[in-house]
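Pasting the structures in now, so scroll down.
Shared between the two complexes below is chain A, which pairs with chain B and chain C, respectively.
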Partner chain A sequence: MPRYAMVIDRQRCVGCGACSIACRNENNLSEGVYWSHKITETSGVFPNVRFHYLPTLCNHCTDAPCVRGCPTRAMHKAENGITMHAPKKCIGCRYCMINCPYGVIYFNWKESHQFWKNKQVLIPEVTSSPVEETRKVGGTVIPYYNPEREATLAGIRPKGVVEKCTFCDHRIENGLLPRCVEACPADARIFGDLNNPQSNVNHLLGKFKPFRLQEALGTDPAVYYIRDFSASNYPRTKGAV
Partner chain B sequence: MELRDNDETHKYMLMRGRYSYLRDILYDRMTKIIGSPNNISHSSICAEAEKFGPYYTEGYWGYRQYDVLKAHYILLWGADPLAANRQVSYYSKVWGDVVGKATIAIVEPRLSASAGKADEWLPIIPGQDGALAVAIAHILLVQGLWYRPFVGDFTDGVNRFVPGKTVDESGFEEIYTHGVVRWWNLELKDKTAEWAADITGLPAEQIQRVAEGYGNAAPHAISWVGGGPCMQVRGGYSSMACHALNGLVGAADNVGGTLVSNKEYTGKFPAPDEFMDEIAKKGKKHEKIDQRGRLHLPAIKSGKPGSGVVTNNAADGILNEDPYDIKVAIGYMNNFSFSAPQPERWERALSKIPFLVHITTNASEFSWFSDIVLPDTHHMFEKWGYVKSIGNGYRHVTLMQPIVKNVWDYKIDETEIPWLIAEKLAQKGFDNLLRHFQTYQDPETGKAPADEKEFALYALKLVTQNLWDPSQYKGGDKFSGWEEFSKIGVWNSDPYPFRKRWGNMKTKTGMFEFYSETLKAALQSHAANHGVTVNEVMKATNYLARGETAFIPHYEEPFTLGDEKEYPFVHVDHKSRLNREGRSANCTWYYDFKDLDPGEELWADVAKINPIDARKLGIESGDRIKITSPTGSLICTAKHWEGVRPGTVAKCFGQGHWAYGRLASEEFGKKPRGGNNNDIIPAQYEALSGSSAYYGVTRIKIVKI
Partner chain C sequence: MKSKIWFGILGVGILLGLWTAFRVYTVGFSLYAKTDVLVWTLPLSTYIFFSLTSAGLAFVSSIPVVFGVHRYDIIEKRTVYLEIAVLLGSFVCLILHIGSPLKVIYIFLSPNPSSPLWWLAMLYHVYLVALLIAFWRINIGKVSKPIGIIVFLIAIGTSTTLGWLMGMTDARPSLNASFFSVYFPLTGFGSGIAALLLVSLVYEQLRGPTGSDKLAELYNELARIMGMIAGVVLILFLWRTIVGGISSTSEDLRAFQHMIGSIPYHIELWLGLVVPAVLMLIPQIRKTSRGKIAAGFLFLLGMFAGRLEFVLSGVIRPLGQMTEGRPEFVSYMPTAYEVFVTLAGFSVMLLVYTLGERYFNLHATPEQR
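Moving on, here comes the complex of A and B:
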């Protein structure tokens, strides 16, 4: 059985967000929901300033606090290491969100895609309403609805439950890479099987000193980071007293 | 038809925004056969001044490509290849490797996406790029870091470039360049790092370090000129100065350097001449509505005075009826009443046109003033066309094909609509346009198009025939025929022929010109057209150069509107990585991911202010503020940010629509979402290229509201 993991090469990452936008399309995500996300920081004081970007997503931890805390086992571990969620079992208690140290689980406080549920026409007899446009192009709730998401999860998750990244389990089952990996123009995301010593992820983990987020908590995340977002050089110095 | 009856065909106007290369049907052929000189493109609110420097040094008017994977040093001038330059996709793909191999230095008043991954950030005072460029050139020569196999050397091998000292031209033997010693004598000899430090606000040590690092990497040292230093009132010579560095280090046309476009072999549409009747010929002879070619607007594209467009000035031409009034106009995929500086002039100008048509995907600020709005096809999924791009030493010609059924009733802008107009005109007794279009025969069958759909397809097949027809093969990818080409969808050129242009550039001398004989001839030609001297041209175009300095890359003080006491900050306009070619402001994801631009915030339009300045004004992050320039104002949100130079305020272009869909404005037609930068940017020009000035052009003040 594979143990899926992702390596994110921060030097290759250019902070473009293509991962997150592709994820949104693949998984029919609503506004404000980021299965694929980032932590950004502007550090320093003018003129010594840099912008830093760290892509984030569910870490699919081996010892996942979200799973341990779920009272209904809606949040659970699949055999391939993916942390999955069954919306039908979810009672919306949000313990998983409280327990997750990474802030990557989202709760649907209201029905998704409010924008596309609007029936009003902006310019009468010229434009269409969002609802009409979705109907006309054969979408479901949203015009760009991806029905393939339904293979393992509700295509659009209902109000009152949580949702998060599934490593695109529905694509992996069909031999496809997670959408964020495929969409990354910089090839900064490398996906594979930790249990295969020859996998590309193991090659990279053996070559670079990786780090994982909040490693000291012992959650054993499956998302590894290598190298630095900025590869800057600087004039040699010993500093001064 | 009324215009024809009254000999007023010149009062028809076509305005072009984003396009494919089937553009010339609607833009050129239709305008000419109707009989108007007024095909007005958007080019000069885009990047013409950026092309000015490369043309008047190495004879190339166009976007460059950069051999980044083989470069050892990349010096970026207001260019942000990870966000808002051509081929962002390619540079995004390779940048992680590039930063590992090359030193990256970026000259930009605010911390851009690319600056986030750079070795050196040079947060220059807006408008002072030319000073930095000539100082770097000075250091390269003084330190002997020029690339001798390209530039040549002193005949006795002794470097006589000593600060403050003139040099005898006869003692230097140039190889592929022209005028390096004259450039030194006229401009560079006193332009030390210390001199530039005061002007640019950058430490002299940093200037020295960057210049030496750049020179030591020769010839694999790119000077990458973006819009920032060029799209300024006096940006033409900054464009030259920044680009000329490529000549000093031998990077022009070289491995790891700056490259021009590869050859491609698309063809032209049939000539319109025989379909232009006397009315049309007479109409076309009138002066253009953008007033290009007048003394103060030389717009000397590719060396020809009056051949470049002055897009934004067309509004004044229409408003003042100078040279005449416009009665009928079509605009397509453009939105000048939002995207051009001081857009309220366009609002008034468009209101004045008796019959205005807009072809667009988004009902926009331009559509608002139109009598008829024709919904347009989506270029990626519903349109026949092709586009050209360059990158990594290759040129690509990419097909655009209809791959989905049209959802509503709309037509393709550049082909179907002109055909349908031609049919209607024929019905009314003017069939020249239709007869012209009927000559666009299918190259495979020889059949003339019978309707608009056939016309669109045949036009595309016709102009791309050299790429897909094996009997007309000229180079690059080879196909068995149209079917295979349309299936693959892209033609790639042969690899780049490095150094082929050395000694053979399209300049007057064939060389890389530090003393531009090409610009000299162009300026003299413009001056002769008006019976004045080149000095008078300089004066009329707001430049300070007099005499020989007009022909060399040199530093000019920036021309910035607004009194410093009343308007204490310089406005820094920049682009979003989410805008690119536009039309994203009505998408939820634009606002949901806006913080992908460094310093930006979600669902807000922020002005980024250095905390030192903001605190003095008592302004906190999140405060609503009004920004006012001498020509307008906007309302947005304040944001403290260390990534912006004190004394400047950076605000991203893209928001502030008041009519661009239900999301782009807070209340459609009434209340904008955020503020449009163009509302505070005055309609000023880099007149030699006709470009609108966006950078370093205005001072502003801020008040909390």
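Moving on, here comes the complex of A and C:
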């Protein structure tokens, strides 16, 4: 059985956000929900300041605290290592959100895609309402609805339950890469099987010293980061007193 | 006339709860002051408050049944009934906290024993049934020791499992401590005594004395125990502050350090612990009904604020990608709907208790053992 993992090459990542946009389209995400996201920070003191960009997603931890804490096994581990969620079993207690150290689980506080359910026309007889717009392009609830998501999960998750990244398990089942991996224009995301010694992920993990987020917690994340990017240089110095 | 006004007030509280339930399940939980960061707030902390108070009442009710201290027999019936009322209040808050309560059936169909939440759900089901049986037995004058022992053990289970629930969250050290598995049962015991003193003595104030000198002595004894608990809890509370809030340099504890300056923290410390402990230290105050009522009320107020303080300590600091675009600490102010949930919990509890006073002769002492 494979054990899927992702390597994110920070030297290749340009921070364009294509992964996040592709994820939104693929998984029919609602406003405010980010299965694929980022952590940005700055270091230094002005004018010597630098911007850092770290792409984030569910870490599909081997010892996932969200899975341990879920009272109904709605959050569970698939055999291929993916942390999956079954909305029909989710009671909406949000204990997984409390347990997750990475802040990657979202709760549907209200019906998803409220904007696209609006029947109000901005300018009568000139513009369409969001509902009309969706109907005209043949969408379901939203104009860009992706029915393929329904293969393993509710196409749009109902209110009162949580949701998170599934490594695009519905695509993997069909031999396709996760959508964020495919969409990355810089090939900064590399997906593969940790149990296959010849996989690209193992090749990279053997070549570069990786780090994972919050490793000290012992969750054994399946998302690895390698390298960093810096085009800058500085004059050789020993500093001064 | 007074009772009509009382039932009217409780009715309004319950109607507000029903209105909240309708709105929350039609519009969504966005009506609460919740974000992806503030996932647990006032409804959950109120549930914890009720739950621990109920466990504390179970400890009180176990004194005569489990430990054989028979001078407590005269308050056994009232204590067990109040326990049921408080537990029902906690269920109201819990139901209005979780997103999909109808799916709770999956706790049975798809159990996960590694989850403290699963154990809590299991324990509460048995707890309610055991309490109802215990009260039924007491109501017919026959106290059941086996049921009393079961209730006592489950109360230990619920109050300590709540500590496990918080302690399992390695990512949130402000919640993470085996500390709470000690702190919860102890504060629950204090809350149980405070609730019992408060409702019993307020009832006496309204209806005139219903008990004997023995009962008055027992209330004095309970007040003394409550004062001692307030003192012990105060010491634990201060050490929690010193260890986690002052001497620790851990970044992970900054949420708790932030909460040390908050209103709920100071309500718990001063009104909930210091003042009741001092009041109950002074015999002239401790022996008066009003002194006991004031101390009981303040202790409960402090515990109510304290439950909110530690829930917020765990959630106000965003983690991981939730930090993006957010300040280091998010602020919290409950919405009207969250307040309605709390009011509904109290209204249900008080309504059930008032009906008990009216129909079940709660000051009766079980005759057989």
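One rule holds in what follows: the second predicted complex is superposed on the first by the 238 of 241 C-alpha atoms of A that agree within 3 Å, B and C clash if a C-alpha of one lies under 4 Å from a C-alpha of the other, contacts with A are read in each partner's own complex, and residues count from 1 in each chain.
Keep this in mind: a residue touches a chain if its C-beta (ideal position, glycine included) is under 8 Å from a C-beta of that chain, and two chains touch if they have at least 3 such contacts.
It should be emphasised that the depicted structure is a prediction, and the values quoted were computed from it without experimental measurement.
Undergrad: Clash or fit: how do chain B and chain C relate after the overlay on chain A?
TA: Taken together on chain A, chain C would fit alongside chain B, as the superposition shows.
Undergrad: Based on the superposed arrangement, let me know which partner A:K88 touches: chain B (first), chain C (second), both, or neither?
TA: second
Undergrad: Quick check for you: in the superposed arrangement, does A:T72 touch first (chain B), second (chain C), both or neither?
TA: In the superposed model, A:T72 contacts chain C only, not chain B.
Undergrad: For A:P47, decide between first (touching chain B), second (touching chain C), both and neither.
TA: first
Undergrad: In the overlaid three-chain picture, which partner chain does A:F229 touch, first (chain B) or second (chain C), both, or neither?
TA: Touch partner of A:F229: chain B, not chain C.
Undergrad: Once the two complexes are overlaid, how big is the angle at chain A between chain B and chain C (Cα centres, nearest 10°)?
TA: Nearest-10 rounding gives 130 degrees.
Undergrad: Just chain B (first), just chain C (second), both, or neither: which does A:F208 touch?
TA: Neither partner.
Undergrad: For A:G32, is the partner it touches chain B (first), chain C (second), both, or none of the two (neither)?
TA: It touches chain B and chain C both.
Undergrad: Taking the superposition as given, tell me the minimum C-alpha spacing from chain B to chain C, whole angstrom.
TA: Taking the overlay as described at the top, chain B lies 6 Å from chain C at its nearest C-alpha.
Undergrad: Where on chain A do chain B and chain C both make contact?
TA: Of chain A, residues 32, 40 contact chain B in one complex and chain C in the other.
Undergrad: Which chain A residues qualify as touching chain B in the complex?
TA: Going by the criterion above, the answer is residues 9, 11-17, 20-21, 24, 31-32, 40, 42, 44-47, 49-53, 115, 118, 122-123, 126-128, 133, 136-137, 185-188, 229-235.
Undergrad: Under the touch definition given earlier, write down the residues of chain B that touch chain A in their complex.
TA: 82, 88-89, 92-93, 95-97, 99-100, 103, 111, 113, 115-119, 121, 123, 209, 363, 373, 407-408, 577, 588-589, 592-593, 595-596, 598-599, 610, 612, 641-646, 661-663, 668
Undergrad: Touching chain C in the complex: which residues of chain A?
TA: Result: residues 32, 34, 37-40, 56, 65, 68-74, 88-95, 97-104, 106-111, 159-161, 213-214, 217-218 of chain A touch chain C.
Undergrad: Over in the complex, which chain C residues touch chain A? Could you list them?
TA: Chain C residues touching chain A: 25, 27-30, 32, 34, 36, 39-40, 97-101, 103-104, 106-107, 109-112, 114-118, 121, 165, 168-172, 175, 314-315, 318-324.
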